[in-house]
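Okay, so chain A shows up in both of these, paired with chain B first and chain C after.
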Partner chain A sequence: MLLRRIYQFLIIYCLGVGLLFLLKYALGLSDYVIPSPAEIGRTAARDAGPYVLAVLNTLAVAVLGHLLSIGLATAVAILGRLTAWIGSFIRTAAYNIQAYPIVAVAPIIFILLGDGLSSRLLIAAMICYFPLLLSFIGIFSEPVADIEHFYHATRRMTWRLEVKIRAFENIHKISTVLVGSATMAVVGTIVAEFIAATAGIGYSIRIALYQSDLAKILVALFLIGVGTSLYLVSLEGLGNAFQARLKRN
Partner chain B sequence: MEAHQLSFRYPNAAGELFCNVSFALPESGFHALFGPSGVGKTTLARMLTGELRGFSGEISLNGGRRALYTYNLERLPGWSTVRRHIEETAPPATRAQAEELLSEFGMEGCVDARFNRLSMGQQNRANLVRYLLQEFDLLIMDESLANVDELTRERIILKIKALFPERCFLYISHNVAEVARFCDRILVLRGASKSPQVVSVQGADLAAQGVAPPPERLERAMLEIVHAA
Partner chain C sequence: MKQALTIFLVVIFLFACGQKEKEEVSYRLKWLYNVSSVGDLYADVHGYFAREGLAVTVKPGGPERDALKEIELGHAHFGVASADQVLRAVAKGAPIVVLAQLFQVNPLHWIYRPDRTPFTSPKDWRGRVLGVTFGGNDETILRALLARHGIAESELTLFSVRYDYTPFYEGRVAFWPIYLNAQAVIIGEKLSRAGETYAFVSPDELGVRFVANSVVTTRQMLERHPDVVRRFLAALLAGWRAALDPQNEEEAVRVLAQTDRETPEAVVRRQLPVTRELMLPAAPGTPFGKIDVAAWKQTAAIMAAQQLVPEGLPLESILATDWVPSP
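Moving on to the complex of A and B:
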């Protein structure tokens, strides 16, 4: 699984870099615009260390933000599954807010909270929160009539049991949504760092952009790709192990 | 149980599904609800147990007795084995009865498996066992023995009749010979264009230790059912 994800990323990365080199040599662009392969190699050797630390920093914030939004989305979706007005209100609000690009709100968060950890964490959580919430509301609001009927008929149904049944029956869907939203959490963190933070790989890319140093940006992109692949593979592994444990007899 | 002048129409449906349907069932015994597909057997069953409302007319169960409805597509949660699920949902006093039912229903070999590992017939039997262990006065079994072989089905029906003589069962099935042989009263449900919409037929009501009914009695019951339907 890990190798497959890394391969996929490497193919896309090499295609992208290959296209850049094609443009460079076809149009005769200078090393200042698109660096030579040797220059990229030298930059990688020089900056890979600090960049790896920056990627780890970004991933740590992304994971925290992701966990935060999973917890919040689960709690709100459990409330949102209610047929009462509060459930209807939460569902409508989530659909409407989800349609708004959360990144556009990021500057306000930096103005209010500063450029520290809390802003990065909040933006990472917000970016992946609404897709998670909508998926969870859909899952927790959909009755599994063939299983739930017995508990309703015998008056044994509780909200905990209802959530457990619906989560169990949709475990594959939940696992897919979690992996999908993990990418969004990483993207959100990098965007936040790129806008105003003072740490993380997004911040490093911003500095490289000010220096017009494409070699640094390419090295950063490579490390982001590898780091994100590792995180997604870990999540998929956890999801598969959990599903296998549930299905084991 | 008595039903008086029941009328019901699904929203946006062209016509009424039931029009002034009335019938009565004894307090106990193994009875059947028979009729062609789509005539409204499941709808009527859900109305009788209070799962479906919005109809006119009256349904009375003597002394507010408890009615349950089970159907053949029901599933047990997949997170535990059949045995564990039954232990968790059956009243403690019915533990011995649970073992007896599982054994009689031919489930000994698969109670420690999870529900999704069972065949469809085993799934239906496991589902029926957990309902039989609940407190009820009327149990409506909607195709509950579908996908179960004939001999096992016979054993199960006779066991139910022997173990719960004081309770009332309404068995929904499309098998004319089966309902005619094992059931006491057979309510034949017909389309809304026919009147009366429910016709009650006397079945052979074969009991576990009873003498097999004379063939002509069985034949007569089957003919009456087919004629009424």
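Moving on to the complex of A and C:
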């Protein structure tokens, strides 16, 4: 699975970079507009080390932000399933807050929390939290009538059992949502770093943009792609293992 | 009736023959419309380009827009770029030529509070927190100042600067990079209202002459369409001279207010004299827009010392020093 993900990413990356080279040589553009393969190679040799560390830094924050969002979204969705009104209220709030562009909200966050880890974490969490929340509310509010009826009839239903039944019956959907939101957590972290942090690959990309250095950006994009693929494969592996264990039990 | 129609058609024909076709030219600014582009807009609004037979589209720049790339890609004919951008581009083979230098003194300064952190020379920076945009030209300028005055980076703290001035307002950062003719007027006013004093550190006065905005085009444009280049430059620089003339101040404010609606006219009125000081050549008789070759050489040397560009860039072929018309 890992190899497949990586080579799929490599195909997409190579196609994109190949298109840039085609444009460069067809139009006779300088290395300033589109760097040559040699220029990208030199940049990779020089900057890959610090960039790998920056990507790992970003991934660490993204994973933390993602976990934070999963925990929070699960808690709020469990509360939201209690009554239709609360569920609808949370949904409205989520849609509204999600509509605010993060670049407009970010300065407020940075004034309150500074430009350190907590701001990056919060922005990463914010970007992947609301899609997670909306999916979880949908999953946890939807009764699994066939199974729940039995427990209701025998008066053995508890809120924990209800949540477990709904989670179990929708485990495939939950797994897909978690993997999908992982990409958003990575994106959110990079956006936060780009806007105001002083660490991570988003910050490195910002500096490269100031220097109009597309070679650095291409190296950074490559490493982000590899890092994100690894994270997604790990999540899918965890999801599959969890589902297999549930089936065995 | 037939006679009237014939006369009408003849008049139309003569009118059409009398109309000289204007050449379409695109001009990409370095930044969003603000006081640093007042002359560009003045030249456009007051028909300076039209009188030279040019239909110029003045496009705003921005953080993600690079005039040099647009020029090379053919999306713009002329543009505004800072010297560091030009030198980086040329070092990577971009066929860029500098036609005129708009700022004679770089507007980038550092604002500070003299009562809290007195400053007489960069040696006073020891132990202080200084704002810097990592990757920006202020980082290059600051490092040049530190090297020139023998200060190691470990002797001070560098703070990564963004658009939010809160760390400076709160006093966490003692020196903050700022454009003297743009934000400095607004930030200075806020500090004055709060009863605080402020002053500016000028890299130029400390011996670092790092060139800022210049007008650029491609070598191909210069060689194939020298007449268009000459007419464009004549119109543009005439527009700038008029915009910076104190007698035209109200009109310059009005022209800028039409495009930059975010900045109050009262602020623009205070920004204009500062812009004038930074742009007009100090030596009498020097034409507006003259390329300061010595400053370019120093800029290239600073960047080479910091390994941002290779040594020995062919400045004589980058700087088209004989294109600025005399007033």
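Observations, loosely collected:
Quick note on the criterion: the second predicted complex is superposed on the first by the 233 of 249 C-alpha atoms of A that agree within 3 Å, B and C clash if a C-alpha of one lies under 4 Å from a C-alpha of the other, contacts with A are read in each partner's own complex, and residues count from 1 in each chain.
Methods note: a residue touches a chain if its C-beta (ideal position, glycine included) is under 8 Å from a C-beta of that chain, and two chains touch if they have at least 3 such contacts.
In this text the structure is predicted, and so the values were computed from the model without any measurement.
When the two complexes are overlaid on chain A, chain B and chain C sit side by side with no clash. One of chain B and chain C touches more residues of chain A, and that partner is C.
Within the superposed three-chain model, A:Phe168 lies in touch with chain B and out of touch with chain C [touch as defined at top].
Superposition on the shared chain A places chain B and chain C such that, viewed from the Cα centre of chain A, they span 150 degrees in steps of 10. Legend: residue contacts after superposition of the two complexes on their common chain; A:His149 is shown touching chain B, with no touch to chain C. Of all C-alpha pairs linking chain B and chain C after the chain A fit, the shortest spans 53 Å. Touched by chain B in one complex and by chain C in the other is not one residue of chain A.
Those residues of chain A lying in contact with chain C across their complex are 27, 29-33, 35, 39, 107, 110-111, 115, 195-196, 198, 203, 206-212. Against chain A, in their complex, chain B makes its touches with residues 49, 51, 68-71, 73-79, 81, 89, 113-114, 117, 127, 130-131, 134.
By the touch rule above, chain A contacts chain B in their complex via residues 146-147, 149-150, 153-154, 156, 164-165, 168-169, 246-247, 249. Partner chain A is touched in their complex by these residues of chain C: 63-64, 66, 68-69, 72-73, 85, 88-89, 92-95, 133-136, 160, 162-164, 166, 308.
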